[in-house]
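Accompanying notes for the structure given below.
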């Protein structure tokens, strides 16, 4: 299923979860938005995912969501497909945003389940209603992130959604633990009970090393070093397992530090600012700013990483 | 604190939680909206609360929320103050709606806590940030509804919000069990540790008989017989306890039936349609329509109520 | 499936959820335990269910649970079958209690799901493991009580448990809303996809009037007037619908008052003491005692009920 | 406050969360229990904590809990104090186990909050009732583990417990994110508003590197390489920051792998078996066994760690 020239079912590599850059006073920083998109491209990103949790989507007014989506889709251009998070408390808002961003050139949308869903039938039913709302011509990605959304989707539930809804093209996998789930889903494909969709992994990248080995197609996360994510996925695809793990392990202390619920976004924006990608690390409220101690800890981990990197290059 | 001519801190009686009338195809039914407002006025409502959970607020697009708010505020006029629910996933959307409806003549706004809040400090902190966002010139009502929002506010927490935020003018009380909470809050007033705010009770009216006796100022709920709510509050204020309970008890089988989580709105809209208030009982998805059996059960309870009523009038 | 002479799959009428009587100092009151069992028999109870949530089961030491089970099973005798709650944090404790009470003459056991279960497969899997633990010769009753256990079982999940586990003989139904669930389950029986089990309803009896009409076999709750529950079920079976509702509605104000989460047990024990059934209304900690105001409210409702009752008898 | 010769308020270093070794058929393996205790001692453990979540405590029958506690306390001897988890659904069972293990020589007990607690007052109130139940002569450790228990304790709540209950001697810190919490609590000590208690960190050790720097006294976790935990804490105390991080980072890929909710215990027991500490990695049900792929992944990480270790020793 193609939309705006892209077939996401075969997507692989790294779709970066884009931050939303703000000025210190909370206004959206359009200039940093462009430089950020350029940075992601330079890192080798295969695509972008915007308006996710880590993009502070719920903190944007409706017209801001539309504006930043249009800007990023335009800047990214046809070579870097953009998926837009359209999760909303109701289907009217979801439809409105989905239709608008698809008209603007998005490759698809991402939908997270509302945290009231519990049973298998409720979850599958919700995605059916969502497709009714946005239209079955809009490719969508399931976001499976139980620790944040409190909705647990078994592999069977994901299979039902994929089999019953042809416009489902991708799974953003961020269950924890989640390695067996990837194996089970790829097993469904192997036994013919499920068609292929792209599986990209989030969760801050914390298990990316093994997720690739289990059958994931890559990463969909916003860790401040997308270049590393790109390299790890590339090395794994090339069969260079030890090299992939060596690179990944060097980043793991920082990945782990960034992957703290609630606190992580401050780390990520601080690092993006430190790397010159965005002008300010301001978040909109509610937010948890970095303490001086935390900032020093991030600096320490950054320095250790730089030294390792220098040593690796020297070797 | 007055806004648009109304001081909600002294509000009492019944503020009806207004439904949002739709056509069968899901479009907002403006004509029924007007007739519904007229019906609430004829029932003796002291005010209205719109865009609550039972008003299907999350299912409306941003522009629809604005349009229906303006229509209802205008139709209600200065004699029937309107409170508008502005709960939103983020403060930008909350501010935008709050400023718009206040400009349109609303008496205040209602804010429910997001279901991620757990500790006392988190809850108080959230309301402070909300006031920062909407402005401290906007009177607001706390919605305390743990069974739906999963946020438990102790009486101390509610006191902190009231004491620290002068623009807090009202509590929509719908904790369950909740009678002791009302007594405790009125005790805080009596011992001078908390200023007075209006307490209106929701929860479908299930404990309205005793809530009035504990110190509540009235009801804020959308039970399909607001006329009864008005009478019960009036009888209680007049000290006619037995008469208040007699009237309330006659309605209790139906109140209980309407107060089923998720299923209740279908009952309420069916009854409003049956009473000629709205043209269609359609809900927007996701929704749980009444089964044939459930409809027959509501009819049965309605008939029993009518007979009781006829007997009471004959006596 | 019979155990100790009873086939619970065909059970109907009222299985009273027995309280656990304590002395004021917290020791178990054996004398009141016997008088309570005699009272339930005199009320016309068809069976008893002990060591449930409202029996303060988690507050008993292991040896106390065994002792009171043996006493009640003996006092109840073969004409009043006893089901024993054996829910436990682990299977070793569950097995130990289950085997002991079955040896002592229980008719079956009741098992609630632990609140960590989310997906359909997890729930069915848990009941399979529980049967592995206690033995497939022990008849068991599923307790479906989402508001307390946070586990949502769809009708399909309940059917899977019943179909896959022959020792499942009964459902304690206390979902809310729950009327459609009863209809759906009885529909599964009608279409041949599920075998018959007994369905008895809890939830404090709040919907007993309609639950009987939907296909439930009766009640399993501990409302302080089990005689009324017995009469309502009997009237419904005899097709005397209006009389059943008249009787039920007279009790509804008190049923509703008793059915407050957490606070309800104090009401129930206070009423049982007031009716002379138990010597003390003491609960073990943690507990929420009745305030003076609440006690007066219960007295008021009790008096109104007595007057209605007197009037009904005079008529 | 001393009990059985130990003052836990000044405890530091590593208290290992002990596994419970089973035979393949599920019986407790006493021989492996002894060898495991000896292994922990050889690793340099300062104490042990038994009957925790990762000790499969809820899966033991009451008499098994007592038996294994007595065995481990005896084997550990006076030089390695033992803390026993006594969390229970009710206070009767909690008191019974607490008194028994203290009589057997335990240094204290650990109490986790039940997952129904929400408000600050509820949490503090629960610990007061727990102390009433077990006696104020029993030193206790608070377990603060929101991701598992769903109870969020703010620093103020922890301070209230510590200040109001003199028998509180220790905090098992495993909030996530949790670094700021340690700083805040040590800040309370510095400003004189809270007395000193020992803070040992769990959470699988995932942030031990920085927790020590924030003011924690060490670790309380059961990672399969307690020798590493001991060394990291020792290096940090000696001010050898870089060396501590180097050692920690080498283990982080495996720490992260072991710290998967639910799946982690299988990894830990597999590693303990691989290291020759216990004879079988069997868990009691419900359990999630390692898949062949997962086992191979653990082996891979283990091998990488061994190579790093060999290289470090060679250097």
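Labels A, B, C and D are assigned to the chains in the order they are written; within every chain, residues are numbered from 1.
By our rule, a contact is a pair of C-beta atoms (placed from the backbone, for glycine too) under 8 Å apart; a residue touches a chain by one contact, two chains touch by 3 or more.
Protein identities per chain, from UniProt: A, B, C, D = Dihydrodipicolinate synthase family protein.
What you are looking at is a predicted structure, and each value in this text was computed from that prediction instead of being measured.
By that same contact rule, can you tell me which chains touch chain C and chain D alike?
A, B
Let me check something: if the centre of a chain is the mean of its CA atoms, which chain is farthest from chain C?
Using the mean of the C-alpha atoms as each chain's centre, the farthest one from chain C is A.
Tell me the angle, as a multiple of 5 degrees, of the rotation that maps chain B onto chain C over the C-alpha atoms.
Fitting chain B to chain C on C-alpha atoms yields 180 degrees.
With contacts defined as at the top, give the pair, A-D or A-C, that has more of them.
Comparing A-D with A-C, the pair joined by more C-beta contacts is A-D.
Please decide if copies chain B and chain D contact each other with the same set of residue positions, more than half shared, or with different positions, and reply same or different.
Over half of the interface numbering overlaps between copies: same.
Going by more than half of the contact pairs matching by residue number, which of B-D, C-D or B-C reproduces the interface of A-B?
C-D
For chain A and chain D, let me know how many angstrom lie between their CA-based centres, rounded off.
Going by mean C-alpha positions, chain A sits 34 Å from chain D.
Provide the C-alpha centroid distance between chain A and chain C, rounded to the nearest whole angstrom.
Once rounded, the distance between the two centres reads 48 Å.
Would you give the residues of chain C that are in contact with at least 2 other chains, written as numbers and ranges?
Within chain C, no residue touches at least two other chains.
Going by the contact rule at the top, pick out the chain B residues touching chain C in the complex.
Of all residues in chain B, those touching chain C are 176-177, 179-180, 183, 206-207, 209-210, 213-214, 245, 248-249, 252-253, 256, 260-264, 291, 293-294, 297, 304.
Of all residues in chain D, which touch chain C in the complex?
56, 58-62, 64, 89-93, 96, 115, 125-126, 129, 132-133, 284-286
Could you pull out which chain A residues touch chain C in their complex?
Touch residues, chain A against chain C: 118-122, 152-154, 156-157.
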